[in-house]
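Each of the next two complexes has chain A plus one other chain: chain B in the first, chain C in the second.
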Partner chain A sequence: MSPVVAAIRKDLLLQWRTRAQVLAIFVFGASALLLFSFAIGPDAEALRLHAAGFLWLALLLSSTLTLAESFQSEMEQRAFEGLLLLPASPRALYYGKAIANWLQLTLVGAGLVPFMVVLYDAGTTRLLGLAGILVLGAAGLSAPGTLYAAMTAQARARQTLLPLLLFPLVVPVLLSAVKATSLLILGDPMGQLRPWTLLLACFDLIHWALCGLLFDRVVED
Partner chain B sequence: MAVDSVAVEASGLCRRYGRRWALVDVSLRVPLATVVMVTGRNGSGKSTLLRVLATAIRADRGGARVLGYDCRTQRDAVRRSVALLGHYSYLYEALTPLDNLAIAARFLWPRGGGPSPRALLEEVGLADRADDPVSTFSAGMRKRLSLARTLLQDAPVVLLDEPYGQLDPPGFRLVDGLLGRLKQSGRTVLMATHLLERGSAICDQAVVLEQGRLVWSGPAAQVPEASSAALPAGAPR
Partner chain C sequence: MESAVDPRPTPAEGSIPYLLIGLGLALLLWGSGWGLFVAPQESYMGDVQRIMYVHVPTAWNAMLALTFAFACAMVSLLRGGWKWDARLEAAMEVGVTLAVLLCIQGSLWAKPTWGVWWDWDPRLTTTAVMVFAFAAILALRRFVDDPVRRAAWSAVAAIIAFADVPIVYFSVRWWNSLHQLQSSPETVSRAFHWPLRINAFGVLFLMSGLIALRARVAELRLRDELGPPLPLPAAAQGGL
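After this line comes the complex of A and B, so read on.
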């Protein structure tokens, strides 16, 4: 079994055994969507216009919980250090955790879409396209998020530090994901969906490649 | 002593945490197949020494080699040669003992093989709790499971940091038995402990640390007379 597969199996098993936390993170995201809709008020057109932005903001806020939580179990008894000393490849451990976080964020995002449709009256018939944007957007949050979660896992103010470091870095991901989702919901008369999706995919590629290279330096003393 | 008969060699090791030096100029040579007791007061640098040798942390100055591999530049080779039982259990609390050992085994033996996790759990007396989450375990049970994880590595050099800590009398006998077995199979063991009488009965050699400095080394049988508590600062090595 390759080390990356072993790492993915480990992280998925950990997520399964702590699935109550995953549910709590989803409820947090749904609550954020609900509160954003209250902030806009009963204006149906404004709600529809801002639906994509609020969906991705809810997912971004949920992602900080997911990412921080994913390193909590690694740090309790220094299990992560234990794996490094076996030795397990830091890069394999990174990609295992980033992929597991990606899957979890995609699931949370998919669960939030029906809430967005109901609360913001923002449906789309292009479900496959929406699924693709969700997968790409979650990947763009997960790759740098996993790196920064590892960096801040042992810091005293980690709950503040992680969003402080992560949010500026994922602005391009957020912009392109929101724009692409808006185009799917509101219509795409100018054919802009493809360039925005490509831009999102490019940021994903850069993040996944760079963060994998940097992880070794982050986790070794 | 020929180089190839040396399991662990450290020269001028220094390590600091913030402004406090935890290890100061520690040099030692441990021959192959030797069991060495590392003793000293709390905070004397025993755990730091073992963690530097296991490459869990880096020395700020000086160097160390394990089975000829440099701890700084050949980290992976050192890690393949060393198993560390540390202060942390290295366990996932939400998972069962079998899950924990299986995860470690997948990284250690990607093509299968290696010691059987169930057999190891049997050996440390946890077979009947193999499917319970580690979070439900007592401190002593966690220590037993950590011992099983250390044995799973099947490494030629074993570093044990307070292996008797938190264990009950049967647990003490378990560790005695394991140490005897490791010794018989030709492993090199460095064991940090405060239990001088027990350690000197099992170990061949001993080193005493005081405020991060190595202040005494010699046959383990002589340690009780020259225990760390009795040693004055600057005592002869």
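After this line comes the complex of A and C, so read on.
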């Protein structure tokens, strides 16, 4: 079994055994989704117009919890130091965790979609497209997020630092995912979906490569 | 016997940074005086345009400082050396300060010209995102006590943030396709060139001097932090 597969297995097992946490994070996202409507007011048309933005903001807020949690458990009893002693490269550990976080974020996002549809009347028939955007957007949050979570879990003021570092960085993810989701919900007469999806994919590609490359330097002492 | 090589950085001495700061301030005073009182009034915007003489040099030098920070991060990560970590801290701090000033000057100019303090123009938005991204790295440095980790982490974060800048710029440009045309040297009349050039060098010297001085402060702090429990001189040891 390759080290990456072993790392993914370990992280997925860890998530499965703490599944109450995933559920709590999902409920947090759903409650954020509910709260956003109070900022706009009960104007059904305006809410529908902004539904995609609400969905991604809710997922972004939830992601900071998911990402922080994924390294928090490793810090207990210095488990992460033990992992680094294994004959596997830190890169394998990074990709294992990033992929596990990606899956969890996609799952939370998929769970939030029905909430968005019900609360904001923002349905779409292009489910495959929506699933694709969710997968790409979650990947864009997970790659830099996992790297920063590895740093901040070992720093003081970690609850503040992770969103502080992550939010400005994922502006392109937020912009392109919101735009693409909006186009799926509200219609795409100008055919803009492709360039936005491409931008999101480019961000993913750059950050999955760059963060994997730099992770060694984050964990070495 | 332990190695006698002291790993701690030795801050440079000398008055070059002070000279640079003095020269920068003098040039800035000269260029701004020229821009405010001698240069002709711009025909559409009137006196409001005169903020360009500090705004454009600030923009150029903010980008320069943050690019230098990126270079420091690369060298610090690839070759190591506390000097580069200190320079990274200094360049990021000066760069963020200049970028904040840039946003403030831009808002002051935009209110009478565009009628709003802020516009979601790609340059403005990218600058704001950069301010937050690099300010977050400065915050990270404050919250990491181990200097080795702090150096590695802030270099990694600076490289990622810098790599993100073009993506942010393009995404904002696509998102807000109604951006304004910006002034560049080609769009500026010759009569306005000199004060602009003088101020550009003024801010450049000021920035270089501040970065050099700030790097010294960072190195002095590092010396303190890295200071091992140095063995006391033999005579003193005997006395204890």
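Here is the rule we use: the second predicted complex is superposed on the first by the 221 of 221 C-alpha atoms of A that agree within 3 Å, B and C clash if a C-alpha of one lies under 4 Å from a C-alpha of the other, contacts with A are read in each partner's own complex, and residues count from 1 in each chain.
Keep this in mind: a residue touches a chain if its C-beta (ideal position, glycine included) is under 8 Å from a C-beta of that chain, and two chains touch if they have at least 3 such contacts.
Note that the coordinates shown come from a computational prediction; the quantities given were computed from them, not determined experimentally.
J.: So, A:88: does it touch chain B (first), chain C (second), both, or neither?
T.: first
J.: Does chain B (first) or chain C (second) touch A:155, or do both, or does neither?
T.: second
J.: Determine, under the contact definition given at the top, whether A:73 touches first (chain B), second (chain C), both, or neither.
T.: After superposing on A, A:73 lies in contact with chain B but is clear of chain C.
J.: With both complexes superposed on chain A, which partner does A:201 reach: first (chain B), second (chain C), both or neither?
T.: neither
J.: Figure out whether A:40 sits in contact with chain B (first) or chain C (second), or with both, or with neither.
T.: A:40 contacts neither chain B nor chain C.
J.: Would you sort A:3 into first (chain B), second (chain C), both or neither based on which partner it touches?
T.: first
J.: Answer with first, second, both or neither: which of chain B and chain C does A:17 touch in the superposed model?
T.: Touch status of A:17: first partner only.
J.: Could you figure out whether chain B or chain C reaches more residues of chain A?
T.: Of chain B and chain C, more residues of chain A lie in contact with C.
J.: Which holds for A:172: it touches chain B only (first), chain C only (second), both, or neither?
T.: Touch partner of A:172: chain C, not chain B.
J.: Just which bits of chain A does chain B share with chain C as contact spots?
T.: The overlap between the chain B and chain C interfaces on chain A comprises residues 220-221.
J.: Okay, in this complex, where on chain A does chain C touch?
T.: Those residues of chain A that touch chain C are 144, 147-148, 151-152, 154-157, 160-161, 164-165, 167-169, 171-172, 175-176, 179, 195-196, 199, 202-203, 206-207, 210-211, 214, 217-218, 220-221.
J.: Spell out the residues on chain C that touch chain A in their complex, using ranges where they run on.
T.: Answer in residue numbers: 77, 129-130, 132-133, 136-137, 139-140, 143-145, 148-149, 152-153, 155-157, 159-161, 163-164, 167-168, 170-172, 174-175.
J.: Along chain B, where are the residues that touch chain A in the complex?
T.: 54-58, 75-76, 79-80, 82, 84, 86, 88-95, 99, 103-104, 106-108, 110, 133, 149, 153
J.: What residues on chain A touch chain B, complex-wise?
T.: 1-3, 6, 9-10, 13-14, 17-18, 73, 76-79, 81-88, 220-221
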